[in-house]
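Two complexes follow with chain A in common, the first pairing it with chain B and the second with chain C.
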Partner chain A sequence: MRPIAAMLLLAILALAACQREERDTRPQSALGSGEQPTPVTTLEPGGQRPSPTDNKAASFEANAFHLSEGKRLFGWFNCSGCHANGGGGMGPALMDEKWIYGSSMESIHATIRDGRPNGMPSFRDKIPDDQIWELAAFVRSLSGNAPSSAAPSRNDDMMAHPSENRMPDAATLGKSP
Partner chain B sequence: MKQATQPAAFCIDVARIDPPAVSRKHLGVLAAMLLVCIPLLTAASETPPSPAISPPAAAAPPDDGQWTMPAKNYASTRYSELAEINEANVKNLQVAFTFSTGVNKGQEAAPLVIGNTMYIVTPFPNIVYALDLSKPGAPIKWKYEPNPEPAAQGVACCDVVNRGAAFADGRIFFNTLDGHTIALDANSGQPIWNAHIGNINIGETITMAPLVVKGKVLVGNSGGEMGVRGWVKALDAGDGHVVWTAYNTGPDKDVLIGPDFKPHYDMDKGKDLGVTTWPPEAWKIGGGNMWGWISYDPDLNLIFHGTGNPGPWNPDLRPGDNKWTSGIFARNPDTGAAKWFYQWTPHDLHDYDGINEQVLLDMNWQGKPRKVLVRPERNGYLYVLDRTTGEVLSAKPYGPVNSSKGVDLKTGRLIENPDKLTGTGKVVRDICPTASGLKDWQPSAFSPKTGLLYIPHNNLCMDEEGVEVNYIAGTPYVGMNVRMIPGPGGNRGAFTAWDIAAEKPAWSLKENFPVWSGAVVTAGDVVFYGTMEGWFKAVSAKTGDLLWQFKTSSGIIGQPITYRGPDGRQYVAVLSGVGGWAGAIVSGDLDPRDATAALGFVNAMKDLKNATTAGGTLYVFRLP
Partner chain C sequence: MKRLASIAFATAIALFLQGCAGWQSALDPKGPAASELAWLIWFFTGLCAVVWVLVMIALAIPLMMRSRVRAEPLVLDAGADSRKLRVVITAVGLTAVILVGLTLLSFFANRTLAAIGSDAVLTIRVTGHQWWWEVRYEDATPSRILTTANEIHIPAGEPVRLLLTSTDVIHSFWVPSLSGKLDLIPGRMNVLDIKADKPGVYRGQCAEFCGAQHANMGTFIIAEPRAKFDAWWNDQLQPAAEPMSDEAKAGEDLFLKRPCVMCHKIGGTPAGGTVAPDLTHVASRQTLAAGTLRMSRGNLAAWIADPQGVKPGSHMPVVQLNGDELNAIVAYLEGLK
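And now, the complex of A and B:
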């Protein structure tokens, strides 16, 4: 009996370890419309009020599948043409700690969807809403704002060392090994 | 610092001859030569006796002490006959006055001086200032704000620069980043006309300085990284209406190729090559933009302008020669009709725009007098062309080049290096020069006194990886990961004096950063240029010896000029303010941890943030 129980326990443990991250390949489009107004500043006369949160933000943010899709779309929609692989060019750098229009998922989603006045184009009706959320999640991950277990790494064909968002801590940032 | 020194003027040669070694018979000749030399050395402001190489008189009239167009004259020599400041006294130069432009982006413009007024165009938002030089401290006379669309900043490939204005008939003409050409009354700053000729929603911007020829304002578009089809337009200087438009890709009727078109080489002959040398429809988004320099020969009644790189950078998407990109056109300024064309880089693989300056000169070439056009080209070769036909007389590399193996003078074709062919999914390493070229837009200067062309340039190499790319109007259309590194020797820039007749450098100075500023040379035998650390330097036109330098507040990428002030004194002016493609890491606050940032340029400029900060200040110097 004992060996059987032990094996059963092991099997249960093994199976439990197999639980995969949910890959919501066809997320419900009704869930979260991304239409909530997102303030672009933390300065609010009369005291700060709670920002509206979108319930899509959390479900996309730390999800490896959505992050990896975001990385693919970042190239396909020519985001990389302006922002390079995070370092910027025509557009600002995305891998640093500076956020012009806010660092939240909601803010980044709004930036991609609605554009910003100094050059960021509006991709409304050009990129489906869920894919904008995937892009927003990937953009956040570029500066290390995603679990390293989920964040995709940078392609290493131009650079020999791993991408900074997968490096152990901020102290190593900017220092090539 | 110097690689080679060679006497530039024969006067110096004579001085070096050891007297005992010269026979009595020769002494007479020597004395005669010295007689020729002495007036040259003592009264340098006088016109030298018919130099061997000189710009055509019609394109380079006698100097009036003003500076009415960025290139100084239609021949684009950037040579001033002023000689109050010379090799001996330049070390005493002092700041006369300064002026903040209020814009901390790359200052690539040349100031203009007409009468008692200096005119400056800033980078976006393209403010025009008129400064009154007749009053102490040069106060603002007027200011004009065109208020361009802020969204234009998002489609400008390489910082939001402007390369200057042009003056003609009492008017200042300039371009705005969002695609307007504007004429202002030079006296009052009041707008006379405003022509909207570029559309930012397809990625079109305008960064070049216009050129005014025979009552027409010549303007071209930028956008070679956005899949924008290149063109040059002639606007009527009176009211701004478009007189003609010449596209640089597409069918012959759009390119203004007609019966007058006589290219020298077979590779440029045929019907509708602007369509047939592309995959179907690709010419519509194929680049070939004109954002650089135009020269004009009044005798031949021809303008000369280059064409930019084909789009996208990834060459797999556009098999064929991609006419008429990365080449040069000679056109009739009245109608735009093409006279000849030559393609520097057929089927460009490395973003070798062909828009650099062309210096028009008359010289003896292998015993025969020729009307030539000299072009230090982005692909690394110093071309000497016959400007009446487009025939290549010489094409010698003026720095390290391994992307090609020379130019076949029989066919005119660049000989590609098969080891450096780029394509999708392939990383090709150590390609020299880089996408930014051995030299980019930064214009050189020519002195008829020395016969030397003073070339500010880069010394960089790169790795390239072709990637898939989709065309979405108004977004980048590049398809290439680039990573730049310092070139052989480690110095990222150089300032080279090129002996045009001898087809080799006379001397070359190494600079730590790319020399992204223009150059100006004077009859006082002084050459001025700036560095990206912020040093403004004066070197000897003959030897390259450093004579004077001054550290400005930010890196210099502007075009120095020199003029005679209302007090009759000689002044030297330059805008300081780092930026442009090379300085985007500072002006755009980019992150050097990404080697591919700013189309790969950031990787070669990682330490620029430690060397300088953004700025925007005019510096004007004179002797005490």
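And now, the complex of A and C:
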């Protein structure tokens, strides 16, 4: 009796390995959803700026497919032209712990969608909204803010920095506080 | 009855082989490389068939013969043994000769293939992408370098050198009517020389599994007389045609304002993306999406409205457009001859 129970348990455990990440190959076509205006100053009545929230952030953040699509689009749309592989150039660095407009997915999404003062253009009409979410998720992975099990691994060609799944958390540099 | 069956069988074989003719068949060669390979295919198949039949007969003979029980199994029959030994040695010798012979044939065929492009008049860089072909005509004059997609025009009767590479995964370039297949490998340049004897359209296909839409990664080699080819090249170098109607003009504006502009290039406009097929003369091509759809107004609209329905997994996203916007963009693209 006992061996049968053990086999059954093993079989159930093995079945658990069949769980696979959902891959959304038919992203929504909408342009610039989530009509939350991007604040242009840090001055807010009451002193506390409400942070925008969107339930899409959670579904894109730790999804390996979306992160790798974000990496592809980052290259295709020439983000490196200003942000230089995340190291920063004409635009600010994306791989450090400094976030001018906050580190949340929602504010990175708003930055790409609506643009920001001093150079960041608006891509509201140029990139389908789901692709903006993919880009935002990838940008977070540049500073080690994505789970290493989901973040893209090494490139096929020369790399400017360690692969995203090996990037230390920029805020702690991998050290525990 | 037997006669009828054999006639039916011969007809069936003939009809079956008929399927091997046409614009994509290694058994219907239209160029020197493919002829060489087709000859090899037939010779190898024929010789192997003969050997197979002989082996089957040799196996069948002892099976049919009634076994004789030797009177004295322990007494050696020197004559019979040496006869058997001779048969085995002859068979082994013949096998060795045939194998070496076939190897030599294959070697000399390869030499012929390698010699085709020694005096190539034209160099074309073919880059594989998931799931389309980028085609770049090299020229010493930079202003005559031409980039197009999926359709490769070549002058008929002249050897052409193809430089094959890839940007994502391994693909393989195979136009069976003209040549054997050769892989497109990221970070490596492979060289394939082709020549089409006569003008015509020859279909090619990616021959290395490269992802979800591997089957829909077709290409066309269009061989034309030299004068027609030169005229085609000069036409393709021109910037895109100006939109003729108000609708097409609106379509151009939309193309430049919407996500299309992020990836595609249209010469003569600010659209300069290089990660998707060049659309400067898209309507002059015969098919859309690497041989997936025939070029027509309806298919253009279907492809733009729902690329993920036509070619699931392709990198062209579904873009939100209303009916008027879609019609305008299609009217514009349709005019890009």
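Here is the rule we use: the second predicted complex is superposed on the first by the 129 of 177 C-alpha atoms of A that agree within 3 Å, B and C clash if a C-alpha of one lies under 4 Å from a C-alpha of the other, contacts with A are read in each partner's own complex, and residues count from 1 in each chain.
Everything below uses one rule, namely that contacts are C-beta pairs under 8 Å (C-beta built on N, C-alpha and C of every residue); 3 or more make two chains touch, one makes a residue touch a chain.
Quantities reported herein were computed from a predicted structural model and do not represent experimental measurements.
Asker: Of the two partners chain B and chain C, indicate the one touching more residues belonging to chain A.
Answerer: B
Asker: Quick one: is A:Met159 in contact with chain B, with chain C, with both, or with neither? Answer first, second, both or neither.
Answerer: A:Met159 contacts chain B only, not chain C.
Asker: Between chain B (first) and chain C (second), which does A:Trp76 come into contact with in this model arrangement: first, second, both, or neither?
Answerer: A:Trp76 contacts both chain B and chain C.
Asker: When the two structures are overlaid on chain A, which partner does A:Gln131 contact: first (chain B), second (chain C), both, or neither?
Answerer: So A:Gln131 only meets chain C here.
Asker: Where on chain A do chain B and chain C both make contact?
Answerer: Touching chain B and chain C on chain A: residues 76-77, 126, 157.
Asker: Which residues of chain B touch chain A in their complex?
Answerer: Residue list for chain B touching chain A: 150-158, 225, 427, 463, 465, 467-470, 472, 474-478, 481, 483, 584, 588-599, 602.
Asker: Can you tell me which positions in chain A touch chain B when the two form their complex?
Answerer: 75-78, 81-82, 84-93, 95-96, 98, 115, 117-121, 126, 157-159, 164, 173-174, 176
Asker: Can you tell me which positions in chain C touch chain A when the two form their complex?
Answerer: 186-187, 257-259, 261-263, 273, 275, 308, 312-313, 315, 317-320
Asker: Within the complex, which stretch of chain A touches chain C?
Answerer: Answer in residue numbers: 25-31, 72, 76-77, 125-128, 130-131, 156-157.
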